[in-house]
Amino acid sequence: MSTDYRRQEMMAIATGREIRDGELAIFGVGLSMLAGYFAQAHHAPRVRAMTEGGVYGATPVGGLPWGIECNRLAVNAMSFTSALDALGCLVASGRCDVGIIGAAQVDRFGNVNTTGIWDGPIGASYRPPKTRLTGAGGANDIACGAKRYLIMVSHEPKRFVDRVSYITSPGYLDGGDAREQLGFVGSGPSAIITTLGILRPDPQTHEFQLDAYFAFSGIEEILANTGWDLKMAADVRVVPEPSAEELAALRRVDETGMLRR
Amino acid sequence: MSTDYRRQEMMAIATGREIRDGELAIFGVGLSMLAGYFAQAHHAPRVRAMTEGGVYGATPVGGLPWGIECNRLAVNAMSFTSALDALGCLVASGRCDVGIIGAAQVDRFGNVNTTGIWDGPIGASYRPPKTRLTGAGGANDIACGAKRYLIMVSHEPKRFVDRVSYITSPGYLDGGDAREQLGFVGSGPSAIITTLGILRPDPQTHEFQLDAYFAFSGIEEILANTGWDLKMAADVRVVPEPSAEELAALRRVDETGMLRR
Amino acid sequence: MPLNKLITLAEAVRQHTWDGMQYASGAALPVGSDAIAFGRELLRQQRRGLHAIFHANTQQLNLLAAAGAVTQAECGFSGLEGFGFANGLRRAIEQGKVVLEDFSNLAMALRLLAGALNWPFVPATVNIGSDLQYRRAFEPNVHPNPNKIPSLTDPFSGRQIGAFAPLRPDLAAIHVTLADQEGNAIMLGTEWSRFELSRAAKRVVLLADAIVHTDCMRQYPNLVRIPGIIVEAVVYCPFAAWPQASPGMYDVDEAHMKAMNQALGSDDGTAAYVRDYVESYADLDGYLDLIGRERIAELSHGATAFLLDPYRRWLLPHAEALAMTTAARA
Amino acid sequence: MPLNKLITLAEAVRQHTWDGMQYASGAALPVGSDAIAFGRELLRQQRRGLHAIFHANTQQLNLLAAAGAVTQAECGFSGLEGFGFANGLRRAIEQGKVVLEDFSNLAMALRLLAGALNWPFVPATVNIGSDLQYRRAFEPNVHPNPNKIPSLTDPFSGRQIGAFAPLRPDLAAIHVTLADQEGNAIMLGTEWSRFELSRAAKRVVLLADAIVHTDCMRQYPNLVRIPGIIVEAVVYCPFAAWPQASPGMYDVDEAHMKAMNQALGSDDGTAAYVRDYVESYADLDGYLDLIGRERIAELSHGATAFLLDPYRRWLLPHAEALAMTTAARA
């Protein structure tokens, strides 16, 4: 075990542990790309990594890419196609095994808001948000189509809300079979990985509950930072700390030290 | 005027005369390609020629191509894309100005059969044809989508029938506004060019009538070779014979002499 | 270490095909790229009852139909372009041995696109209003048929259009010009619908005229329209499309195109063709001997050969590509 | 004689744009290829009231929104990826100056595909069930909104899915790496949705980082994903995507990306940016001087430069490309 690591590094490693070797996986820019390429560098050497721009077979060089078409990623791609191919033929089709998305807000049913922050509910009439965010990007497509997906989010009360004000990317919607009724090919978010721990959905109600917490955190801290009455799984456990190998692999990927700032 | 030419050459030249410079035009393999490239070689140097395979900017070399992906056509293309692009984005979209298709059978409303020949009508239950033909290919797509299209067909009674037994590519269907009601983006066949003359549709009834005959033919021969009571246009005329320039251009294109056999 | 997906043609057919499957190929053109060698191997291993999905007919479908391996087929064009009618397919249809469902060429491309995108249907603005819509060979007793290309209302305009059913074949055997051992592939010449097919099929096996080093793909990633991540296996098979053409690689073999189609015009001719050109070789080198080394040289030096020039430095020599195939089997 | 479609950027904007038009660009990515130089010229010629169709936001939309040229926008992503929020677009939305209609990135690609195919709608299996479907900024008083992504019944399964409306912008200004004088174009790096956009738009103007001889296209026809037959005009514009990246050509200008976005975060900053980086140059050479010759050299020698190697022999020298542009205007 290494104890000299940052919270964001633990989050990235915990996320990367969810990725299995050989899977077809889609990563966004930033944290999710670091988590994904950590998995490739550590335990999933044959993960089939793609971006929503249709960049296949690339491994970032020279630091975290600024974007999907950043030359740090374009430099060693084996194939460039298109958004229609990547998000359509490979993700919305149900072919992609796992995606990773971020969130400005997430709620008890794993619904994600990345569109905007309003003062209170939007109401009957749509109005501009007080704070405009980045919109859906490919996250909605991943949320609808990927066999499962992971949500990475900083664990703060303002982000963990009872009900997001705008559902950008559907989790389990109102819970229960609400998602199933829409007939999405993807089965929904399998975990929310935060800066404090890991939440997973109850198989029936699809409400997210605390599954595990990081060694530096604890149930109380997590409850204090969650904006709904978070339930506990039957066997809440401590997430194993990063091994030296894991940390070394992550830091090779995060060569510009984004997670260590 | 040159009088030393074959009937098929006259047909190709008459067809080529229908193609205007600068048009986006789709040609099939065989006669229609010869007619189209004759137009390019003679009076339409900037015709934008394409095939249904998505071969753009190519001019056949070494003789008539055996097919759309024949190396005689692939040898100097400027762009290769796909059937979806050529037939979908450029033809079915309504973007293509003119197409040329062939026919095994054509009827008084310009409906084309290239699927099969049955003994009598097919009947209520579909059954295999006595003679199986080549199917729709891209002709149905051209017939639905091209702004206008030309039908090239040998003028024989068995081919000019009152009603085709199978509509592979829609002309004006039952005539009148039958085609319009289906909402096709393309406006239908503008001419049937045969080995004997040229038929054009009446603007109201959309029944094809004799517009002009070739110098070596005549109204009687055409009537004798048409399987319906062919009507005459108000001013049936003689099609001008090929000029020396036209014939020279056609023979440069038809370098393997397909039309002179 | 990169994955090595190279297997022999015989192994590919053994692993990835079965009687009665939906088998797709020919997502190229009647005279162009198609994985015809795969069809020969299907016959060698006596696959039967195939439901063939060919965007357009090719000599492969012509042969499979003539030899009785296909019972159902769907395609957009059933001829051989400049080589005339496809005698094998034609006879099988006329004799009722193959039931052919007719669509147009765009319809087939759209149906593959819909399969690729996993749509329940794809909008049809073509094929409607003709007997392509009203006549359904797979459901012959319903006329006019409302199930083949059903009507549907555009929710924006209220206008009626049609809907095509998606295609999701069990297997696609796709001819490509160049592939690396991981299944990254470059096609020279029109894609026709090979891109859509590679995404629509449940499994993809590539037949590559040549194997190249992966560096070639990294130099030309925009040409790699089929990435290895969606490919099950790669077969090194020079002249995989023979007697059809592979732009940049070889010209159409006009004499064999004609002789083959003539042979497929009769049962005896078909039997002789199968004996002489399907069952007669033991392995890849035997197949190339059958084509004839002189003919191979001649067909390889056509006017499009310059299209291959940029990639020649990465081509693996024949022996090396064969050795990699052996290595992968071990 | 080949057509010469080369015109200056100023001429392209004069001929092909007008106030209130549906203007599309950015069919690339926030940090990648986009015809940003065209947006600068739109501001120089004071176009207003634009309805912007950007698959994803770019610095171009960020700038146009900040400068008040856009009143409506549709896009799938409104940020700047690794560079954070797009301050100009963000402020304009928050202040109600730009009404942004939200879709996902796949939705935008599908809507362009539908425009390209001239479909009345395109099937939606994404965006349904979320506020992307229920909230419509262009029709704010209807909730839940049934008109943005209406429901429709699959005629095969009876299952409910959604429908997106097609996009057919009046003009697309598309960044490409290489073009010839006829408008045949090669893109290096992901197409994102430039292929679909080039078919969906009513007019297409290319901004090419370099002009090549047509022989280059004939050597690599499979790379020519935008053929000249659908292109109105070609503008020779090195660093057309600056400060964003053009794979093979130049890296992202990190310092300018940050400075530009920071400037667009305030009205004063925007005014200063427009003064210094939009209105300050007289012609193409002035634009390149503004970027800075040293910075150009530095950005041009990035790790992806090898991607351009195969095409270098056909690149027209700067003076020659400029001369051809002049010739075309005469």
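Labels A, B, C and D are assigned to the chains in the order they are written; within every chain, residues are numbered from 1.
Definition applied: a residue touches a chain if its C-beta (ideal position, glycine included) is under 8 Å from a C-beta of that chain, and two chains touch if they have at least 3 such contacts.
As the structure is a computational prediction, the values presented were derived from the model and not from experiment.
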### Query
A-D or B-D: which has the larger count of contacting C-beta pairs?
A-D
### Query
Where the CA atoms of chain A average out and where those of chain B average out, how many Å apart are those spots?
56
### Query
Whole-Å distance, chain A centre to chain D centre, using C-alpha means?
29
### Task
Please report how many Å separate the Cα centroid of chain B from that of chain D, as a whole number.
39
### Query
For chain C and chain D, what's the span in angstrom between their mean Cα positions?
37
### Task
Would you give the residues of chain B that are in contact with at least 2 other chains, written as numbers and ranges?
74, 80-81, 88, 92, 185
#### Entry: Contacts with two or more other chains, residues of chain C listed in rising order
117-118, 125, 159, 161, 188-189, 191, 221-222, 225, 307
### Message
So with touch defined the way it is at the top, what topology do the chains form here? Options are line, ring, star, complete, other.
### Response
other
### Task
All pairs of touching chains, please: list them by chain label.
A-C, A-D, B-C, B-D, C-D
### Query
If you look only at chain D, which of its residues touch chain B in the complex?
3, 116-118, 182, 184, 199, 214, 217-218, 221-222, 224-230
### Complex contacts: residues of chain A adjacent to chain C
24, 46, 48, 50, 56-57, 74, 76-81, 85, 88-90, 92-95, 185
### Summary
Given the complex, residues on chain B that touch chain C span 29-30, 51-55, 61-62, 64-72, 74-75, 80-84, 87-88, 91-92, 111, 115, 122, 124-141, 144-145, 166-170, 173, 179, 182-185
#### Entry: Complex contact set, residues of chain C against chain B
28-33, 55-57, 75-83, 85, 89-90, 93-96, 99-100, 102-110, 113, 125-132, 135-137, 140-141, 143, 159-161, 188-193, 195-196, 245, 247-248, 251-252, 254, 257, 302-304, 307
### Task
Show which residues of chain D lie in contact with chain C when the two form their complex.
117-123, 125, 150-157, 159, 161, 163, 165, 186-189, 191, 219-223, 225, 306-307, 309-310
